[in-house]
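What follows is a set of structures to go through.
In what follows, subunit A forms one complex with subunit B and a second complex with subunit C.
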Partner chain A sequence: MGRKLLLKDIDVPGIRSFEVYRKQGGYASVEKALKTMTPDAVMEEVKKSGLRGRGGAGFPTGMKWSFLDRKSDKPRYLICNADESEPGTFKDRYLMEYIPHALIEGMIVSSYALGAKASYIYMRGEFRWIFPILEKAIEEARAAGFIGKNILGTDYSLEVYVHSGAGAYICGEETAQIESLEGKRGNPRNKPPFPAVVGLYNCPTVVNNVESIAAVPPIINIGGDEYAKIGVGKSTGTKLISASGHINKPGVYEIELGLPVEEFLYSDEYCGGIWKGRKLKAVIPGGSSVPILPGDLFLKNAKGEPRVMSYESLADGGFASGSMLGSGGFIVMDETACIVRNLWTFARFYHHESCGQCSPCREGTGWMEKVLHRIETGHGKMSDIDLLVDVAKKIEGNTICPLGDAAAWPVASAIRHFREEFEYHIKYPEKVKDPKHFEKEPFVSERNAVVAA
Partner chain B sequence: MADTKPVQFTDAAMALVQKIIKRYPEGRQKSALLPVLHIAQAEFGGWLSTETMDYVAGILNIKPIEVYEVASFYTMYNLQPVGKCVLEVCRTGPCWLRGSDDIIQYLEQKLGIKEGETTADGMFTLKTVECLASCGSAPMMQVGNHYIENLSVEKMDEVLNKLKETHNVPSPDYGSPYPVTPGK
Partner chain C sequence: MIKVTIDGIVTEVPEGTTILQAARQIGGEIVPPAMCYYSTLKNSGGKCRACLVKVAAGSAKDPRPMPKLVPSCITMAQDGMVVENITNPSVLETRKGVVEFLLLNHPLDCPICDQAGECDLQNFAYEHGMSKTRYEEERRTFEPIDIGDKIKLHMNRCILCYRCTYVADQLTDNRVHGVLNRGDHAEISTYIEKAIDNDYSGNMIDVCPVGALTDKTFRFKSRVWFTKPLDAHRDCPKCSGKVVLWTKGEDVLRVTARKDQYGEVKEFICNECRYDHKDMKHWVVEGPRHIDRGSVIAQNHYEKIDLLKLKQDVERQLKFQAGKQLDANNTLSA
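Presenting the complex of A and B:
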């Protein structure tokens, strides 16, 4: 059983309430930070912890904090990115719904470190029922003196607000989120200037993912050095993984980074293996945007070494034979899954979610969706496969924000690893016209043998 | 379908709107636009008419075009009238892997409409949506404030009957992140 920091009290009855959360030791980090540490000392601990942004990019959180323009006399803002929309990812929702105070506690300590007097939690609008849960948690924390004027009798004052998005994946990108919070369309901004200098209302701003912020209290409680001992190498601490797809036990799991992928996928403590006694075909380990891996290449890297759940190990082999930990959106496909159809749903997603600002993304995502749809429905041509590769290449790196890359990578990796399956779709149009064709007659290529349990 | 209520917030709704505007710095009241549009949609029949959007522009002291361009960007805002009960079925990869295609197909047949349409009796609108962060309990759909998860074709009739009971009322609850009546 791995160490739990974020979900250790998830099964304690009533943990959603302030009273029970406090009894379990909650808000100790606020007392410690505000009464015994300077804001810079809090930042130093987060730096020492090696915590990396849990939203997907994996950028060191302490370093991101250190970029904040502290010389400016403008107000500073912390925005919590709770716009969880990456397909395959549902960990932030779980945390906010069941242990809302873990986020609120993290917001207070993080805001203190950054010198923010007002902080916003930008939550995707679809989580409608979680808004009252978070607002209640904020009010409870205020009543106990942890939010508001002169917190715990110190000079520090803070307000925390929940703000609603309205259905736009792009608003998970930090500059689009800032635009949206200003009441505009979610069009990402050109960088530089970075939000740390010119962010919300043109003021210095830090945007951090829910899980990153919730990881701050345990870091302050146990110390950055102690936190850094958990995990492996530069992948320190614990990570929430959202497990979905063809597994026996979908759900949110907190793991120590460095857990063997085989254990995560097959042990009953976690995913519990592939459902219906079937074989493993492919895994998307970090949300829809990261490269897909055939089962064998997911379990072991190209050198034949077993992979572990860490930023480095999952990326081992680069884009040729690796993937990314990303947001921890762990999507599993069994032997009957159709790679082309799954990819088409993703292409449709990115086309739908493109903000339309940059032509390579606006036009390219639509083009990829269209070509994939015709291949999937038995109307494809052999030249379509290379056309997809070409379009993906022309989107990648040519857009203001990373949505273009996120749309291109799944297409490029699916064709790299499963080209035979695309060719099969073109060779046997009559068969693939039935969307359930592979459920009846699984496709097996010699290159990517499915992996038995 | 189209609501006949005048476009005017109740006192309770207006009080909530004013409370939300105060969450943003002075002169930044436009920040309240997305929240206020959610409240307006829930209050005025589940969709945003031009009259409703103009009304919101007036409250926030911004130009109507600033409201239109936002309302048309975000998928949660309905710019056409909707049925009393809006079914939003997720169709992205993880839901598809667990059978969302079957759910959509069943609903289209059962209700006799295509996605994006409303039944002739004005009861149900069927929408397909992209990933709602419910992949571990797929397939699923959202109805107002609720996620209905772990769906199966076998369960759908029961689900629809229940929704008909709860939503076939003169002022159905369309859901909002900012409920005017707490606990609803």
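Presenting the complex of A and C:
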């Protein structure tokens, strides 16, 4: 049983309310930080903890905070990125819905560390029902004196606002989110300048994921050094994983980083193995944007060492034979899943969500979707496979924001590892007419994975 | 002043100059193409990705190369920066890709498009693109609409450079049009069929790199290369009054602002000059407009030819061809 920091009280009845949360030891970190620590000391603890951004990129949170322009006399802002829309990721929703105070507590401590007087929670538009939950939590915290003027009698004041987006995936990109928060069209900005220098209303801004912010109170409570002991190497602490797909027990699990992937996938404590006793075909370990891995390459890396759930281990092998932990959207596919169909679904998503600002992403995502649709419905040509690889290569790295990369990586990796399956779709168009073709007759490959040199 | 090396050519520019501007200072073939950047419009650029270049060394202090290709129009040059544009194959390959992407949904209706002959995308595709497309699917289509009483919008042709929105933001007091929707369905629109109506709206036509926004008073009147462009001016209380008259005989078919060699207008003109003075008598004609010989408009040109310069040009070309011949021979024998 791994240690739980974020979800330890999830089963306490009424944890959503302030009284119960407080009784369980909530808001202790606010008292500790505001009364006994300086903002720099709080930041130092977060740096020591080695906490890495939980939104997908895995950038060290403490380092991100230290980039904030402190010399400028402009106000500073903290934005909590609650625009969780990555297919396969639903951890922030769970956290905000069931323990809203964990996020509010984190917001107060983080804002204190950054010297922000106003902080925003940018909520995904579709999370309409969580909006009142967070508003209520903020009101309760305000009534108890944790938000507002002179918190706990100190001279620190803070306002926390919840802002609803309008349902755009692109607004999860930090600069697009800032634009959207300013009331403009959610188009990502060109970087540099980075938000730490020129952010919201041209002021220094930090944008952090919900889970990153919620992880700050436990760090303050137990101390950065203690937190850094959990996990493995540079992947410290606990991480929420949203497991979905063909497994017996889909859901949100809190794991200690460094948990063997095999244990996570097959133990009854977590995913509980592949459903209906089927075989594992492929895993997307970090949300739809990260490269897909065939089952064997997921359990063991190219060198044959078993992988663990950590930023480094999953990325081992680079793009040739590795993937990323990303935002923890753990999608499992059994032997009946069709990689092409799944990829087409993702491509459709990125086509729909591209903001249309820069040309490679605007035109390329649509093109890839159309070609994949053609292959999946049995109208493909052999040259289409190389075309997809080429288009993905021309999008990757040439766009303003990472959405282009996110659209290109799944395509490139799926073709790298499952090229045979694409060829099968082209060779036997009549067999793939039925959308459930591999459910009737699972695809059997002579070679399971090709490890690119 | 800082020193920048672009394709092996060193130049000195003031601090805060972009790579693209530094390249333009050198001039010639090493200037990256720009489809969305417009030097006279603030915040423009960074969107079309046509001007991506490789930075082989960031600066003298930090000579590490930049990991990705960077948009040269908005990336500031640093002292000691080494930039590769046409000397880097990956840059050219990427640019080829950008042409292909821009042409995916762009109708190839150049034969009936008024912009043909002075179209940035046409030039860009001609110089950097492939002769064939690999795109087989249907293009996205829109109906042409009147976005203002004298401006026609062909959304099919738009490459979403956002220049016209910057014109409305920066030259007029009220922007009534913008970009709607997302992805490849994004469109320039006024939303509720509102007409763009202000004194400087015509500049949207001039800044449009393609034939998406065209002058309704000139539509289908003449191919641009059959007209004679004249530099002219008049006393205008609203604008500089410096224009180009596109004439046929004594008729003024169209009035536009003056564009420089990169197709950029430095002095914008008002709608009165553009639409209401299509009479030679209203203008003081300065002389023929200089048109680059590379342009298709120069086909029908009558500008006084500088014989000395022409001779030099011809000699240089001959030398160049002879050199190529020599190269080919060497390669064959080797």
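By definition in this document, the second predicted complex is superposed on the first by the 448 of 453 C-alpha atoms of A that agree within 3 Å, B and C clash if a C-alpha of one lies under 4 Å from a C-alpha of the other, contacts with A are read in each partner's own complex, and residues count from 1 in each chain.
Assume a residue touches a chain if its C-beta (ideal position, glycine included) is under 8 Å from a C-beta of that chain, and two chains touch if they have at least 3 such contacts.
All of these numbers come straight from a predicted model, not from anything done at the bench.
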May I ask you to decide whether A:Thr365 touches subunit B, subunit C, both, or neither, giving the answer as first, second, both or neither? second
Between subunit B and subunit C, whom does A:Asn190 touch in the aligned arrangement: first, second, both, or neither? second
So, A:Ser49: does it touch subunit B (first), subunit C (second), both, or neither? neither
Now for A:Glu353: first (subunit B), second (subunit C), both, or neither, which partner does it touch? both
Subunit B versus subunit C as contact partner of A:Asn398, first or second or both or neither: second
More residues of subunit A are touched by which chain, subunit B or subunit C? B
Based on the superposed arrangement, let me know which partner A:Ser111 touches: subunit B (first), subunit C (second), both, or neither? neither
Between subunit B and subunit C, whom does A:Pro435 touch in the aligned arrangement: first, second, both, or neither? first
Please work out whether A:Glu86 is in contact with subunit B alone, subunit C alone, both, or neither, and reply first, second, both or neither. first
Check whether A:Ser235 is in contact with subunit B, with subunit C, with both or with neither, and answer first, second, both or neither. neither
Find the residues of subunit A that appear in the contact set with subunit B and again in the contact set with subunit C. 168, 185, 352-353, 355
Of subunit A, residues touching subunit B in the complex: 75, 84-90, 92-93, 118, 123-129, 131-132, 159, 161, 163-169, 180-186, 201, 242-246, 250-252, 284, 288, 329, 331, 333, 337, 341-342, 345-346, 348-349, 352-353, 355, 435
Residues of subunit B defined as touching subunit A within the complex: 23, 25, 28, 30-35, 37-38, 60, 62, 66, 69-70, 73-77, 91-94, 96-98, 101, 129-138, 142, 144-147, 175-179, 182-183
State the interface residues of subunit A toward subunit C in the complex, per the touch definition above. 168, 170, 185, 190, 351-360, 362-367, 370-371, 374, 387, 391, 394, 397-400
What residues on subunit C touch subunit A, complex-wise? 45-50, 52, 68-69, 71, 74, 93-94, 97-98, 100-102, 104-105, 134-135, 137, 159-160, 162, 178-179, 181-186
